[in-house]
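What follows is one structure encoded as structure tokens, with my remarks underneath.
Residue numbering begins at 1 within each chain, and the chains themselves are lettered A, B and C in the order written.
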Amino acid sequence: MGLIENGGFMIIGKTKCILLAACLLGLGTSAQAAPPKAEVIHWWTAGGESAAARALSQAYKAAGGAWVDTAVALGEQSRSVTINRIVGGNPPVAAQFNTSRQFVDLVEQDMLNNVDEVAIRNGWDQFLPETVLKAIKINGHYYAAPVDIHMPTWIWYSKAAFRKAGIASEPKSMDELFTALGKLKAAGLIPLAHGGQSWQESIIFTSVLANVGGKDLYLKVFRDHDKTAINSPAFKQVLTTYKRLRSFTDAGAPGRNWNDATAMLITGKAGVQIMGDWAKGEFSLAKQKAGEDFGCIAGFGSNSPYIIQGDVLVFPKTSNPEAIKAQKLLAAVTTSPATQIEFNIHKGSIPIRTDVDASKMDICAQQGLAIMKDKTRQVGNGEIFMTPDQNGALADILTAYWNTNIPVEKVQRDIASALSNN
Amino acid sequence: MNVAATPGQGKRMLTSPARVGVYAFLISAAAFFILPLYIMLVTSVKPMEEIQLGNIFALPVSFTIEPWRAAWGSACTGITCEGIRGGFVNSLAITIPSTILAILFGALNGYALSFWRPRGANLLFAILMAGAFIPVQVMIFPLVRILAMLGLFSSLPGIILVHLIFSMPVMTLLFRNYYTSMPQELFKAARIDGGSFLRIFFQLILPMSVPIVIVATIMQVTGVWNDYILGLIFAGRDNLPMTVQLNNVINTTTGVRLYNVNMAATILTSLVPLTIYFISGRWFIRGITAGAIKG
Amino acid sequence: MKTKPLRLSNTLTSWVALVPMALIVIIGYLGTVLWTLKISVSSSRTLPTHDFVGLTQYLRLFNNDRWLLSLHNIAIYGALFIIAAIVIGFLLAVFIDQKVKGEGLFRTIFLYPYAMSFVATGLVWQWMLNPEAGIQQAVRKAGFSDFHFDWIVDQDMVIYTIVIATLWQAAGLVMALMLSGLRGIDEEIWKAARIDGIPAWRVYISIILPMLTPAISTAFVLLSTAVIKLFDSVVAMTQGGPGIASEVPTKFIMDHLFGRANIALASAGSIVMLITVLALIAPYLYARSRATEHKGAE
């Protein structure tokens, strides 16, 4: 769709150029012949991320564009560079953000261009998941091009560790998970491999809220900030289950990087990790295969919510026609099926559209894609519903609760109060 | 510990047990300081499989120099995978002018403040020192606006100016305190001889400032070379320093972390400040001021 | 005598020489502080908005557990770090100054941590202090099975691990400062002391140490600025954890400046920090500047 159209556009462009006297006379570089240059600020810097970004840049190049790479590691730093560049009057053509409310302020202060033309032409409303649409469509305009969908709460397990602990089959419910964790502990292994950083604790909490609390409670808390729901016994149970998981982690967990926790699964020292689909990268590095050396569980039960987070490209405001052309081309290229497959295979995430050929993806990704086809299971993660400030305040409460002894009622009250701030 | 009365043998001659004590202290301190470097070196020559085992003190079983090659030339820092070498020239272009200018201004300020003491200068200095306590990040937004107004945002002169701004408090403090501890007789003599502000500075004070210039150079080179956030925001895409590549190699959100490459890259990046420290040793000599007084 | 006109033009020159400093102070520092003050009484989120909400942000600040804990932490950290750094730096300088063999090597060993980016070295410290992978486990394997050193995962002790790691990084620089001070001390002093038969340690304490006051004062101010700006080490070693136990003010401010998209709250935090620091440091600096003025006037 998008690529053919854009190829056609380029052919028309070149024809126009040939007709122009300036081109014939070779007067400098005619503006029409110069490829649309897009400086992109992003944080895809390592291994698989880098390969995925390269695939995207190559797709853009194949469509006639020129990619100028400005990579800045770590989301927060990358976004702060983007914002400072916008404030300083030297904005990039495109910048990476998360599928979230991170760029709502920029939209409200009129600092982003929209890509309505591309979105309407390519029918984004038809194939984008509702959660993603909710994040990018503000006041009826499309302000971002979605790039990928990550699921942060996969439950990974080491097959070797399970064998050693005598666990015959994959746990199918939270109770079975606790039983399995108990068996791992009895076998002298570390049951739950965990990196004690607040975002990782938030992931564990999201997983418990989805699997134990269910989709309704999840949405009432994260999306509606419903005080009754937050103070309910059901939510209390979610919190206590969350805290209970801590007793299955090891003493060295605080501060640990998530990669080091995955390494514990890889070497068979630990049994289970709750982490996003990017963990596959570490397994591949150690040459371990999904289904053989490790297993992946998306959630418990055939109706468990599939948590969605992801990355998008936003387009800072500019009236430079060359830049606007580049923005539109980039938006179209990014969302095209072929680019989506190439990008997400390398990144370990899944495409933003389900009408793609999934055969080249690994079995965990295929599982994810299949679940995505059931729209009732699609649920956004915290940052899609909460402002960065609220999300952060919630993370603070959860990590304090995880690490110290706070009565669960106080935690409930604190969460209710944190989510009522804007 | 008694000072042995051996004439003509320099100022410190301690008896043997004391010597042993000195060496014992220094060697144990050195062991504490070296331990992290040992871990870094050892990690940098192990393959990832060994690192994943988690034995940080163990010597490598399969020694490999690949991480060093990767760090310099092939680690991914975005869509390009050319290691950290790309930013080396930029870092030089930023560090050299920043260091020279910062030390020059610091010395000039310290000189004016401690010898000439124009009225109100102390108040200015006090505010400058208060400014040293403001975290860099807080000043970024307003500075971005100011530099944009001056047309210097995202440029080499811009980042040099930013470094000058942030280093001025410390540099001024270093020189001012050093000069106030210098005997005033030389200065007074020079003024009576008819020396002007600048002449006294360049011909008398600056040559006597070698030890503090060394310390200032160490601090400024280290600070600017290792700076990340200022270079990232103010230098502009074409002048990004090596630390940006270094951070891109080390930090990742969802990517795998190649610790061996990270350690190698960190050590490589630190070689420039380290070389400065090593060379500066020659100038940690004694008696410069003393010599001048006698002469 | 031609000194009168000469003196006037010299005063003018000294003022002109200070113009860059004046500009930077007024525009760079004062301007920024005023701007920060303005933002702290607004409701700015990602970008500055120009409304006025009074002291709302300050109230929110002091109702925030993380902020209060960060103030508590920085006070403990500051006191320990500054004292230990000055003492250790002084001792290192004194011992190195004893005409030891391999002085250059020792000096480089003590200084090299300062050259390294804390992003990587912080991780190494995290590994070393981790009870499962680091020193505790190594010592236990060596036979001392009761050995405990799990400060970094302990809510109350974690701040001390930050002290250790940052001392490792900064002591060398303090040593360099003290060394340059020591090396500026006149030979004659030593000779006189030797002739009087004073024991070496007395010489250091009663004679040398007072002469090193400028170097110590410089070190004190430098270390104080490092304490207030403490950020990289905490992020690299503990990320403010476990939980929020090792939170420090600059990290709180930084998190809210960009990650949490709440520059108003961050600005309020910065103003509070600035006022606190001024209240603590100003009297000391004032006393110092009077002391040096009197000395210079001799």
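Here, contacts are C-beta pairs under 8 Å (C-beta built on N, C-alpha and C of every residue); 3 or more make two chains touch, one makes a residue touch a chain.
As the structure is a prediction and not an experimental result, all values here were calculated from the model.
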Chain-level touch network, classified as line, ring, star, complete or other: complete
Pair of chains with maximal C-beta contact number: B-C
Centre-of-Cα separation between chain C and chain B, whole angstrom: 15
Distance between chain centroids, defined by C-alpha means - chain A, chain C (Å): 38
Multi-partner residues of chain B (at least 2 other chains): 54, 141, 247, 250-251
Numbers and ranges of chain A residues touching at least 2 other chains: 77, 80, 87, 257
Junction residues of chain C - those touching two or more other chains: 123, 132-133, 257-258
Parts of chain B lying in touch with chain A, wherever the complex brings them together: 48-49, 52-54, 76-81, 140-141, 144-145, 147-148, 153-154, 229, 232-233, 236-237, 244, 247-258
Residues of chain B defined as touching chain C within the complex: 1-3, 5, 10-12, 14, 18-19, 22-23, 25-26, 29-30, 32-37, 39-40, 43, 54-57, 105, 108-109, 111-118, 121-122, 124-139, 141-143, 146, 164-165, 168-170, 172-174, 177-178, 180-181, 184, 194, 196-198, 211-212, 214-215, 218-219, 222, 226, 228, 243, 246-247, 250-251, 259, 262-263, 265-267, 269-270, 273-274, 277-278, 281, 284-290, 293
Complex contact set, residues of chain C against chain A: 45-47, 49, 60, 65-66, 123, 126, 130-133, 150, 152-153, 155, 237-245, 255-262, 265
Of all residues in chain A, those that touch chain C in their complex: 76-77, 79-80, 83, 87, 102, 105-106, 109, 111, 196-198, 250-257, 387-389, 391-393, 396, 399-400, 402-404, 421
Contacting residues of chain A [partner chain B, same complex]: 39, 42-51, 53-54, 57, 67-75, 77, 80-81, 84-85, 87-90, 150, 257, 259-260, 263-264, 266-267, 276, 278, 281-282, 285-286, 347-348
